[in-house]
Each structure stands twice: as structure tokens, then as C-alpha cells.
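This is the structure I have questions about; it appears just below.
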């Protein structure tokens, strides 16, 4: 399972004294980009090949607050990919307490915004995601 | 149905040229606070009474991108309240196109982080939310 | 003198309980874009004409903290323009207390990043800025 | 000279395709907190001792744009401290190009917002800052 660390910055806290909940959506992006790089698809490779991968949906469930200087351990995995939609899952912990569980959903379009048929046009990426959707089968959520 | 406007700022866009998806979670907060104020519970009244209302979960489904200078019309309503959990729904449109559909879930705790029994301790707020959960029954999502 | 309002959002506060200082740089951008629109140069007109106006420098001096729900009144003016560099000044107050005094500096480049000679290429914008640099002579800082 | 790295996140870019200028003020905070930790004064030690260090002023001069995935090398030093005001300087480079030069200014107050006389009340911190103001004399700006 891929793991990514984010140390909470002061500017990411709010007047309740905790990490503002909107920031976890940003941490998800960091972890996802790190995961893609780790399986051979850094974001700039995607962009260079003309593949854009918009976020279609996000979902976060907040379990325990975190705050400034906390080191979040973010486990991230390809949860589902059958050719069109990519689903990613995230589990963020801090000192072994679950902080946030999350999911995101993505599609693939070209620079004109038209859906890409990955299997035909980018078989390398297709195979890579299919393979990880199977391998990363450890349930984290 | 309560309506709130947010004009997208330049700093809320990303290099894809569109509003970064994390910002919609912030627009939800703006709209929610505006809704609560409109029904007699501005956030500072909540805080003064010692009521803290943390976000337990958020969910966004992105339909059409928006970008700098777009004026988002955010319809927001109390979707469910039976005494403990408050569920809010949001529908953001721009020029009659749906941009984002979203939900959030909230609980109520005191300044020690202990759950508050609203019906007993804050009957005014309880009644107000119950009433709006019924009235705001127009389905927006 | 042009005036712009910003109501501080919850997500703009930090765990010190006040508006995080980095956000004032964003409020400056909001006020500046509003000023430019008010003198006939909304940002999308600039972009459509192929004029890009990067921020060369910013400077903020924080006087009094502000916090969630505070309504900031931002006075903004063209402080200097002699043809190349545009200097803008800002004075943010809340309930008649000065919150932040600020300056920003901008240049004008085309989409290849090359400096634009405004007087020749965009005399309308040139004249407009020259005129406002004189008129807006009320010292706000 | 203390050095801190920040890798630019996707959500830190704007529709111009570059790092939004407001974010450098946040990178300064990250680097400053890292510097203070490296000289024995992590932020939580300051807070535990009841020392609050608000930002009094910031100043950034932008030299070259940076963008997503760029690794910024941030050199940071105590530029001046004579007992009351702390001045910090920053030089951010990417691939040996200067991206941003910056300064910040800070004071020290207690939890009632009253100025602290560091030399009397916190001689350890006072000595540490005086020492670094002398040692870090390499001019970076």
C-alpha cells in the first residue's frame, strides 16, 4: 500500500484550533499525485501525453481532528478501475488514530475535454491502473 | 430555498484554468453559515452559547467546471435533522448549468468536545432545525 | 477613492483565532480586480486583449487583527503609474480601526512573457492608468 | 544558512499556470517555523511557554515564476534582532534561478496580547536570537 506523509502547516488550521476540513481534499491530491508518480505516471507525464484527469467526485469522513505540526500518514490506493472511471481511496492516520477516510473519483479526457478511451489510446496507462486496481485490494476503508 | 452567491476569485483557480475542486468545500461553508444566519443562528450566536458544530463528512459531485469571475448561485437547505446529526445539501449553478452538487454532515458538541443533547439543552435551536428540515423539503439533489 | 468589501470567512482564520496573514494578499487581489473593473478594465478584457499583468512585489503591514465575520473595508487606489510599472495601494479597515496597509507592484507582458509598451500598443489602458494615478492622489498610506 | 524545501502543489497554482503569488507568504511561514525548530525553538515550545509571535509585516519580490512540482529551495535567516523586533529574510530558488526574495517582521506578545520583554522574561530565547542575528550575517538578499 502506498504511503504519503503530510505535516500540517500553521496556515492549514482554523480558529477552532484544528486543521480546516477543506484542506484534507488538498492532502488527497498530494497523496494521489504521489501514488501516480510511484507507479510510473507522474502528473507531468500525463500532461505531456495530453491526458487530463479531472476530479469527478470527492468524499471525506472526518474521524479525529488533527492540528498544526501533526504528521499525517496517508495510505492511498487504486480502489477501482475497469477502464473508464478511476476510484482512489485514502486513509489518513496520526499517531495510529484515524483522522480522515476519503474517496475520490476521476475520469480521463483529452485537451478538448473529450473522454479518452484509455485501453485503445493509452494501453500502458490502462494496464498499469488495471493491475493496481487488483493488487491494491487490501481494504483500507 | 436559501440562496447564496460566490464570485470565483482568481486565486481560487488552478493551472487547469478552472476553480480548484477543493474550494467548493469552502463555498459550502460560506453558504451554510449564511443559511444558519438567515434562520436566526449566526455562527457567533452558536459560539457564544458554547455550541460547536464540527463537520463530520462532506461529499461533492462536480458536474461542470467554473472559473475566475463566474458567479455561483448556491442553493442550500437543511436536508435532514432528527435531533443529533444535521445534514445539509447544496446545489451550485452558474448560468443555469449545474456546477457542483454537495452534502455535508454535522454534529453538535460543547467546548469540551462532548455531544450536546440539543432538544434538552438548546430547544430553540432544536425546534428551528426540525422545522427547517421539514420545510426545506424541495429536493435539490 | 475606490472601496471594496470582504467579509472574513471561517476558513480564512487560523488557530490563533485571527485571519491568517497570508489571506490579506488574496484580499488585495480581489480589491485590485474590482478597482480595474470599475475604471473600465475588468480582468477578462485585459486577458482578451492579450495583456497579462503579473505581480512583481507585495508588501503588507499588519496593524490590528481581524477575524471571522469581520467586514473589511478595503480602500484601493492607483498610487503610481508612469508607463511601465503600476503601483497600487490598499488600506483595510474594520470598524474604523486600520487592519492592514499594503502595496503591490505590477508590470504588463504579452502572452509570450515579453514586456508590453502600453503607450504605443494599448493607449486606452495607458491613458486610463495615467489619469487615475493623478486623480487618486489622496494619500491612503 | 538554514535551508528548507517546498515542492509546489497542484492546488497552489492558478490559471496563469504558475504558483499563485499569495502562496509564497505561506512558504515563508513553513521555512520560518522550520528555522526556529532548528535553533531549538519549535513553535509548540513557544506556545507552551506562552509566547505568541505575530507577523507584523511581510514583503515579497517575485523574480521568476515557479509552477506545479517545482522544488523550491528556501534559504532563511535571522536578519535582525536587537531585543524587540525579529526580522527574517528568505531567498527562494528553483534550479538555481531566484524565484522570490522576501522579508518578514515579528514581535513577541503574551496570551493577553501584551509585548513581552524577552531579555528579562525569556533570556534563553533572547540569547538564541541575538546569537543567530550575528551568525546568520551572510547577506542573502
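Order of writing sets the labels: A, B, C and D. Residues in every chain begin at 1.
The criterion applied here is as follows: a contact is a pair of C-beta atoms (placed from the backbone, for glycine too) under 8 Å apart; a residue touches a chain by one contact, two chains touch by 3 or more.
If you're wondering where the values come from, they're calculated on a predicted model, not measured in any experiment.
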Remotest chain, subunit B as reference, centres from CA atoms
D
Sharing over half of the contact pairs with A-D by residue number is what counts; pick that pair out of A-C, B-D or B-C.
B-C
Measuring from the mean C-alpha position of subunit A to the mean C-alpha position of subunit C, what distance in angstrom results?
35
Can you check how far apart subunit C and subunit D are, centre to centre, with Cα atoms defining each centre and the answer in Å?
24
Multi-chain contacts only, two chains or more: what residues does subunit C have there?
10-11, 16, 22, 26, 29, 68
Can you list the subunit D residues touching subunit C in their complex?
16, 21-23, 25-26, 29, 52, 54-62, 65
Residues of subunit B touching subunit D in the complex:
10-11, 13-18, 20, 22, 67-68
Seen from subunit A, its contact residues with subunit D in the complex are 9-11, 26, 29-30, 33, 42-44, 68-69
